[in-house]
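Here's a structure for you.
We just call them A, B, C and D in the order they show up, numbering each chain from 1.
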Amino acid sequence: MKFSRLEYTPKDIVFGFSKKFLRYGIDLEVGNGLVVPEIKYFPRVEKNVMEEYKHITEQLLKRAVALGTESLQLETELTYLEMEDKKLVAELINLQKSMIERYAKEHGLHVGYRVTVADIRDFGKPRHDEESFNKMMEIFELASSNGADVLSIESEGGKELFNYSIIRQDLTGIVSSLGYLATFDMKRLWKNIVSIAKNKSILAGGDSACAFANTAMKIAGGLKDNMIPHSLASIVRVMSACRSLIAFEEGATGPGKDCAYENVYLKVITGCPMSMEGKSSAVAHSSLVGNIIAATCDLWSNEQVENIKLFGGYGPEVFLEILHYDTKLMNMAIAGGQQYCLRDLMIKSDKLLNPQAFVLSPDIVYEISKVIVGEKDELSRTVASAIKAIELMSNEEKLNLSKGEKRFIEMAKRKLEEIYSSPSQKVEKALEQYVGKVEKLRVKDYLEA
Amino acid sequence: MSKEELLDAIRDSIVNLDFDKSKEYTLKALEAGATPQEIILKSIAQGMEIVGKKFEESEYFLSELIVAGEIGKEITKILEPYLKGAEMKKVGKVVIGTVRGDLHDIGKNIVAMMLEAAEFKVIDLGADVPPEKFVEAVKNENPDIVGMSALLTVTMVEMKNVIDALKEAGLREKVKVIIGGAAVTEDYAKSIGADGYGANAVEGVRVCKQWVKQK
Amino acid sequence: MKFSRLEYTPKDIVFGFSKKFLRYGIDLEVGNGLVVPEIKYFPRVEKNVMEEYKHITEQLLKRAVALGTESLQLETELTYLEMEDKKLVAELINLQKSMIERYAKEHGLHVGYRVTVADIRDFGKPRHDEESFNKMMEIFELASSNGADVLSIESEGGKELFNYSIIRQDLTGIVSSLGYLATFDMKRLWKNIVSIAKNKSILAGGDSACAFANTAMKIAGGLKDNMIPHSLASIVRVMSACRSLIAFEEGATGPGKDCAYENVYLKVITGCPMSMEGKSSAVAHSSLVGNIIAATCDLWSNEQVENIKLFGGYGPEVFLEILHYDTKLMNMAIAGGQQYCLRDLMIKSDKLLNPQAFVLSPDIVYEISKVIVGEKDELSRTVASAIKAIELMSNEEKLNLSKGEKRFIEMAKRKLEEIYSSPSQKVEKALEQYVGKVEKLRVKDYLEA
Amino acid sequence: MSKEELLDAIRDSIVNLDFDKSKEYTLKALEAGATPQEIILKSIAQGMEIVGKKFEESEYFLSELIVAGEIGKEITKILEPYLKGAEMKKVGKVVIGTVRGDLHDIGKNIVAMMLEAAEFKVIDLGADVPPEKFVEAVKNENPDIVGMSALLTVTMVEMKNVIDALKEAGLREKVKVIIGGAAVTEDYAKSIGADGYGANAVEGVRVCKQWVKQK
């Protein structure tokens, strides 16, 4: 289903409320006037995997009781190694779910449980590593039948060309990757995931462009790092939104998985509830958007923290406490009808300091999303949304842009408009030249899958 | 335009990151009697130096440094037929790869490109590289340096396996080993017996430069 | 100087503003309409101390530049081991200060630098371990002459009796400790510290009752832990405020050091700027007051974090980023004149869930502080403020109190009123009985010092 | 009041944490012909059991458990002259202390008191205890268990020194060693060769109980 209108205006979009709110898991409601903490964690390598997950789950549920956190979501992101052992995966999901059920019953907690499957494919292998693809689908099945409430993935179709292009600030390559190659892979993948989730009556959550927008953000670094332009990272984010939207077009319902900070676009376009991560995910990566991203979240997350001993407890429980207070503040605002006041502070906090934050501001998101739903196909919307973003950046005089950023923006405008004049021809021609030059790039396998 | 003017124009178009112009001027300069050596020394090397300086002074982005390096490489390719076997001297040779189990190669790629821009010969083994492949490459390529990258804590342990494999093959003493990547720390580097560690790409390249200077 | 009136009403006290705001360090202004992050850290034991501090300081200043944190404060809390080596202390303070100066100059940062001296005294030794006392004063001197901008301590006079009493919920012992023994030690200590600070024209910051209110909070634990009553922990906090006020009566000017969450009292009474720590100090200890305590802070802190490697960087820089966004939100509210709206959300978030949060609510603080400044001496104000706290707790029907809490409150009311009828007699008589029974208690050494 | 009623009244005043009343009834019960053994078994032990149950059921606080234990101890003192050397049996003996360099003893104190409430004989060495003192106490007191606590990471390393000192003195095999405190983890306990670890006071006491049960 293609989305053709927007569900919110910049005025009415706000944290805790989504038009298509959800009820799932153990009495959990998401997006119906409550922001819920979503805690993510990973085991220490040197430890027994099952024991680590048991320890993490127990400490989290205990801490929730100790703090009076009534609603929460746990997310287990399976690692590459865990993916190798199906029996282990089934056992660990079972274990976590049964612990969740026990605590929820004893203490009246409302809990959701998301399982994220790793994209283990080697895109350099024939047919895009069909064996791994099948394994991923089996793990989705396993997760569904052993207790997951929400399925997610951070899929990586197109990333081989993206990696090549991003460090060369090569916009043709970036467009070809996100607006073309990735779209084929997303459609195939999400048809499958949605059907698995529907079979088991659980939720198909969404697919964050971690390998794209998050990678660009990490490379761009701090305000003065000069690795790649922040304005480049910000149009990658916009283009990533176009790519991640495909999961919802294929039937995902959310709550969306966030890692690439593109979910505010998906919320405006789909009306589905979204997870976001911001300041508290400093434990996993620094960002320049720590407050603004909270303005529209339905679940509020910490990215991932290792199960490491800190003075105040282990990593996961410490970050659950931080998320608890963040969400409590937002929920208190909702309770008093002051959500818009708090939201506006969050937006103002970051918006003009950096282009990456700028493109997350609801008014800007709205303008760009209008362009996204107005275009006829994935490729054109990818290019057109980036052009719109560039235009809005250059028109905002108060936006903090260095000379280098301005130089890039000028260049990007020319380049993107050139591509927009005949997108598929430009991309198809460019792809011919990338083959052979870009390691592991197998264009045909995208088209045939 | 005189030969000298054309050499300057090549240099400037590299600085402006304009491949088409730099190619055009290169062909013209050759016609006007410039030798490939002149173009390499006066245009490419100077252009790269200016770009490098602009990067150091935060005027240019790292990505622009990389683009300039790519343009330089492309022009060198145009010059190849004229060079008649007189290859450009490299400052050192690096075998580089992301270790087994780890598919994250963007950090490794950045380092590889920066090494090339710093005139290293780089043998890039790609991502998910098993220890045997590192050993083989050291045997065949006889590099000065082996660079390994890992983003994940779970795959970081592979770095030790590579060093052990090099020891077993009697090759450990022939190369310097540097490691990097989000999960890696200086302590970890020491603990597995690596010779160096790069907290980021810029630092990693700096360490490599120092090593070949000491030779 | 005895404070006899209150500097704020519950309506006008708010984060970022203090009547007696301060300018110090490198162009740093605290309490004049800006909340400043104060980051605390400690080195890994197994590492070289100087290298650790160098690494920590560098990562913090770099991160501040990367994020655009314009104002910040670093706090070094000297460890027991470091206190043994005066040369090392001088060197490390010198090192940190010179790094701060270099970064501040290059990047236009505004930076303050607090040094906190450890209370290494063994109160069981004759004359309360005079050797250690002298060593502490030498370290204060050293810190002053090597670059500290603010001096602080978490002094422990009275804690031997407090430790004995708190786990027996023995109110006579607690009152004797905080309202009597501690006051002698505080006066002596702070006369000395204030004079050292004045000599060097730096700031005498303050003295948090870590060994008292923080200890009580830690023992009380989560909502359902049932270790000691939370209402007991909350009156310990109020009594601790009476004790910590003495530093300011002796001439301290702030910014107050927080660890025991008593600073909102000190702000209301003294008008001096105060550091507070709340949700982001979950890394050091869990609390039930994570949001409410932010409502009135001037500096906003994380307690302490080890220099441990996390995925997003080292502990200190990760927590600086979290503090950065917390303070940015508050500062944005101030910039838009919405500080009272945000403050009220912070208060409402925690106030009624637990007695410990309840006694941090500005309206409650105001009522109790009126009692504090109205009493004639340290002992009576300690008892009277606790009685007032108990009264306000029992009068608030919406306050979440278990049966056990209510049982304790009844008991405490009777007991405290009994003590209040003739406080010095009751305390002196009780102290006679504690001597011999309480390990290390040397009552005479308090009176004679 | 009959003797039986008085025994019940002692028990109830322990449950109500009322020392004055419990003392009053104890003296009356002795007058009414109750033996010290009766008072210990029927009043104190039963009172403590009720309080313990109320704590387990989250009705009472740990601090109230401790107060009840103290009242029980006080009453036992009153009974001492009547006991004529027939000492109460203890389930085991624990030497406990906070290690050298660490002045934080409140956690250790809580554990000590809970152990006493669980009828252990506790030798409390206090805070800032050097290894020699632990060794000496083990020699002289012949305990079943040695418990060590450290709040700070910097002092945690002292725990290993104590264990090493016990080994050197040939006493390590005679005792079980348990450690705890904010900085301590289960891994650390294993790594220094401790026999057990308590994440908190309740757990620490549970481990000790299990050990003496196995004896």
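Simple rule for what comes next: contacts are C-beta pairs under 8 Å (C-beta built on N, C-alpha and C of every residue); 3 or more make two chains touch, one makes a residue touch a chain.
Computed from a predicted structure; not experimentally measured.
In terms of their C-alpha centroids, the spacing between chain A and chain D amounts to 53 Å.
Centre-to-centre separation between chain A and chain B, using Cα means, comes to 33 Å. Centroid to centroid, with C-alpha atoms defining each point, chain B and chain D lie 66 Å apart. Chain C has residues 224, 306, 311 in contact with two or more other chains. Viewed as a network of touching protein chains, the structure does not reduce to a path, ring, star or complete graph.
All chain pairs in contact, by the document's touch criterion: A-B, A-C, A-D, B-C, C-D. Note for the complex: chain B touches chain A at residues 55, 58-64, 66-67, 70, 101, 103, 105-106, 109-110, 113, 126, 128, 152-157. Only residues 182-183, 185 of chain D touch chain A when the two sit together in their complex. Across the interface of their complex, chain B is touched by residues 45, 79-81, 120, 122, 163-164, 166-169, 215, 219, 224, 226-229, 232, 306, 403-404, 408, 439-440 of chain A. Residue ranges on chain C touching chain B, taken from their complex, read 309, 311. Those residues of chain C whose C-beta lies close enough to touch chain A in the complex are 62-63, 65-68, 221-225, 278-286, 288, 290-291, 303-306, 308, 310-313, 315, 318-319, 321-322, 324-326, 328-329, 332-333, 335-336, 338, 341-342, 344-346, 348-350, 353.
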